[in-house]
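The letters A, B, C and D name the chains in turn, as written, and every chain counts its residues from 1.
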């Protein structure tokens, strides 16, 4: 029952908050209630359920990995929903927003608890297409453009996903997602199927080179929507990957290396482009790309073999948990500086700072812990260049710190209200902060096996207070802080002239190259395309030829004169004799 | 006569008799006409449900009437026929309601509703026909009974369209006739399901059987609008919306598709068809039609034209599924027979509602229509998503099975065709959805008043909402017992029981 | 032959209409018509009753005056004759009823139409006599009676067009009759008998037999307007009055065909060849296509229907090549004879019903509008729905769509074609169907099209429409008893000798 | 050549002339006369068969037939003539319109 409520309540919430005035007024509360089953499932142990009559026969169940993500998702949707309830209460189209929000929520929960391919795909699509409504919500030209790019990419992603699912289900011979990784490990075309999935879900994850819609779409949505987009929905792609990745079963060295390479490229490259942005939300979007790059890389590490999935995947999930809560915190935070005044601002800045640190992996934060876990795996792998990648990991920490400092800087420039006031949506924000911090750092979500694998004999408390670990977390932060201070001190033109109005690189950087290339291709093929268009717009069909003959004047003329000839007595006589002779000939 | 045979006749009569009675009514007897129509439709649904229940509890339904010593008129019930009959009956009821609302106050309604009923009689007859000859009889009857509907508007465009419609369908019927007689001569009276007859003849008459197969296929392809015989379909769009809806969803095109299904599965049999290599050309033509129809739809601005070309494309899914061997693709083909029907009828209802309420027929005029007509466009959106193949809507289920079937048969190119078609479906349906929901209303639109209590008259609104819900439910509850999918799966499994 | 059950029906079938025709001649205008109509109804009823009698008792004969052949005249009513008489009766009754209201609602000044009734009764008598005749000369006399009365009916309207057409018809018919009679003379010369059965046994292959076969066939083909001798038919049929047109095309042309069928199957068995059958079939096929094509191009309704007759009669000829076995084909294995035979019979029936209905509908339109331009059919569905429906139903039967009589005919014909392996006839059958659909739906299309201007028309008696519709429905209803009908036609007991031989193994060609 | 052969040959020639006349002549009267010539040929043929061999009596049947035939032929000819006359009265035409 609870399993159905997980998806059913958000759908009901969507309808109720969209169409019922009372529901519209209390949408925040309703969304909290709607996400309670998901949170509950994320924390409790459920055995799963099979619903024969739903879609193509639905199975719901959870494993530790997805339980972590579900908890994350539940928390994010709940807090963002509450946030949105008051944040958007003056918005004329709040009802619409709630509708898409609820639908996307249901999709997001559903895909996490789905254990079979069809329902997974169903909820994935529901989430993807419902969040289109979130992206386009503001209706501004830039939002429309972002939404269009989002939609195109989403459809491309769906196509890859469905083809990957077709092949995977066929080779697994079962609809259960759990059967896919072993089947891929066995199948001769397993790596091909995995690559299809990689591309398909890569769109959602924002992996290189499919990320360019992300810096457009995530910032275009209202803050609570951005929070779930970047915090929760982006993780759906990761979950998709996890369903396909036969971790611990194969040793796909080249795919592994490719993923690690691309992951780190994203982790570092996104930082550079993100630094050139002027919109805090775009900045965050690039940060998301960067962070997802790291997760990509660690999943890639798993494909190199030697690491059991039961250990690696929860670790990645926890990393995602940390990133998700913190990123959502920051995204929601973008709405705060303009609204929060007076003493409350201290709390706000503290929260934002914590969020930044958590993502950058600062000392005493969940970020440190999650990053450490993954580092353990990287350290123990036999992937070529593992040491180099470890170094890059540290660089990425510096990069992230820089990027998020820039984010704070951008927020800082927003004019604060003069009065000492606090909006209602400050509460969910704080709740999120607490919940995120608590569950990232508590060992409750992880298995004892994993804990001991990472930490050995020592407990997590020891880990956090161990100077060495803190130092390893601290030095990238210190380097960042140092370089920032240096930049200020030197009053380098570099910092002052760092773009404030227009981004150095337009959001969605890579998109423009694609569009340019596409434009050139179109121009090159213009003649062909216009030909195709005129061909397709005109009507061609078989009857044209037929009518051409039938309706032609000459046809009529010839036929009539032939018949007039046949009516003449002479011709009849000739016919008589010909007939006579032929019959005579035939009868002889 | 036995009760069960009588039931089959009653199913046919439940629309035939109202049709004839309506013809005898006076034009102004609106209430009586509507009453007869609805009564017939409800009775038909009830009877089909009765037969449905009976068939699943082991009853047999056969009606045989000898025309000539070897020429028999036979009705029988099997899973496939029952599925199609149920589809016809239910959608007829819905469309009747819609038509009553849509054509209110129009001219020549007596004629319209009479032929409307006859058309459904033909469609049900096709579903229930037990042998090739009976099928052919109803197939031609369908052509005739739809003609007055196509030209109903009665202006020159409609009449010209009717001309083209007839040339195509009569031509197709004639070709089919040739094939049916030829089959009769070669194989005798073939009842559906007796595939062993053909199988036993293959050794001796392979050439004749091959030629006959393609002759019959050509005849059926005309109604199924497979390229290059699709030309009549976009033209027949001049008909009133309920007619287009019925034509595209259950009656004409579906008769062709259903015929192809019957031909391959119940006349020639799958193993025979495959052994004789008959299916590859069908697959190629179907695949080409899918792509071609989608491409054409992509470049249209007329709402109904888009839907028409989309029908051409979608219908060939069925043919494609038939052409691929395997339980999964067969399931996909059969279930798409139903799913395409309910989704397409929803779209036509929606297009009709928009045109009837606001007079908009072009896609470029649809900006913001979703706010004005949320239920109509909501149903349309569901159907459009289904057409694209998005879960959990009916279209997804068909596509899922077709795709899996193609992979099972190792026809990977078919998967590519399906995906390309999905992409193109998205490319022409999503702009409509986008305009409806996310664009601002045009200037003249803002000042328009809403037509009444609802967004559009209730008789127009109820059907579209119903079929929209059907499309959704067929997908969401696909795995439940007695859903179209489960019946289709059962059909497929029965068919392949004979395969090694 | 003479030991078959005798009955007075055959004699009555000829005598009664002659009597009634003569009686009606004694009356002035109104009484003439009443007597005529009574005569028609009686003759028709008699035809139906005698048909039923034959179905019960099998072949009936009547020996006129007790004089046995070869000197006396024997009337034979076998199943084929009974079928033709039955159709003539049913169609004739409906046409007569139509004619009654058609003429009686016209202006009184058109009084000369009173001749219609006696002429029509004489024609009917001729037809019945033709179907019942069992010797060649009797056939000649009856067909001449038919010709003269038919031409007289055709020119009844007195319009110049009709007169020209009638003279052309008459000249062509006389030429055909003379050719036929020459053949009869030659046959008599070589066999010394005129009785069909005896002649079939006595005829020996040779130059005389061949020559007479050719000349008789040619004569009859002129009379039945087979391609390329159809030149007289369209003007004659289209210029006549509506009931007359219906009679001419539904019944009269069948007479010549009937003789040809009888002679080919019963007399000329020895001198036929496979190739000759093919030639006849070929002319039939050409007629099917050419007639339908010309019909498609017409602008006048009655002209269109007349060309349609040429096309439909072509189907009848297409059965001939199937009835003649190729050299070397074992008679037992020829399983296509029965379908070809029944197909032909159905074509005769379906065409009689459908064509008369079409001409009567055309008459209604002429009645209402004063002309029959196809353009004037516009909006027919609105102002004469019943007539539109009659045209539609009759047209559907002509096309051969199921479940009409035309469908049965084409089904059987095609079946025969495929069974015999002579597949090359199939495209002609189908193309004919398609072109027929073309002109039928050209009419229906206009019927559904909006009128260009307001139509002013004379009120038409309701009963006229009913008659036309009933005839159209008849072309469908004949399918219902098809199992019995086919049995009736195919049951060897009720067959004449020639048909019996066909059922047993066909007419053998020259080996 | 025997007598009845001469007769029958003549009859065929007469028939052919008649046919030629019907086909080629344009004037109504000529056409009608041509049919009468055709009839003459046919009747001659009949009569020639009445006595197939010199020994037996003449066969009476052909005579009866010829008499009947002549009656029919005369009727037809008379009817044709009356039609032609009527046409001439109404229109002044002596030929078919498409044969001028």
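Things worth noting here:
The rule is simple: a contact is a pair of C-beta atoms (placed from the backbone, for glycine too) under 8 Å apart; a residue touches a chain by one contact, two chains touch by 3 or more.
Being a predicted model, the structure only gives us computed values, none of them experimental.
Separation of chain C from chain D in touch steps, taking the shortest path, is 1.
Nearest to the global CA centroid, when each chain is reduced to the mean of its CA atoms, is chain B. Between A-B and A-D, more C-beta contact pairs are found at A-B.
Between the Cα centres of chain A and chain B there is a gap of 38 Å.
For this pair, chain A with chain D, the centres built from the Cα atoms lie 101 Å apart. The distance from the centre of chain B to the centre of chain D, each centre being the mean of the chain's C-alpha atoms, comes to 67 Å. Remark: chain B and chain C have CA centroids separated by 43 Å (rounded to whole angstrom).
In chain A, the residues touching two or more other chains are 567-569, 572, 576.
In chain C, there is no position where the chain touches two or more neighbouring chains simultaneously.
In chain D, the positions touching at least two other chains are 19, 22, 96. The set of touching chain pairs reads A-B, A-C, A-D, B-C, C-D, using the touch definition from the header.
On the chain C side of its complex with chain A, the touching residues are 210, 213-215, 217-218, 221-222, 228-231, 271-273, 275-276, 278-279, 283, 293-294, 297, 510. If you check the complex, the residues on chain C that touch chain D are 70-71, 137, 140-141, 144, 147-148, 151-152, 155, 160, 163-164, 166-168, 170-171, 174-175, 177-179, 181-182, 185-186, 188-189, 192, 194. Those residues of chain B lying in contact with chain A across their complex are 164, 167-168, 228-232, 234-235, 295-296, 298-300, 385, 389-392, 396-397, 399-400, 403-404, 406-408, 415, 419, 422-423, 426, 430, 437-438, 440, 475-481, 483, 485.
Across the complex, chain D meets chain A through its residues 19-20, 22-24, 96, 98-99.
By the touch rule above, chain A contacts chain D in their complex via residues 564, 567-570, 572-573, 576.
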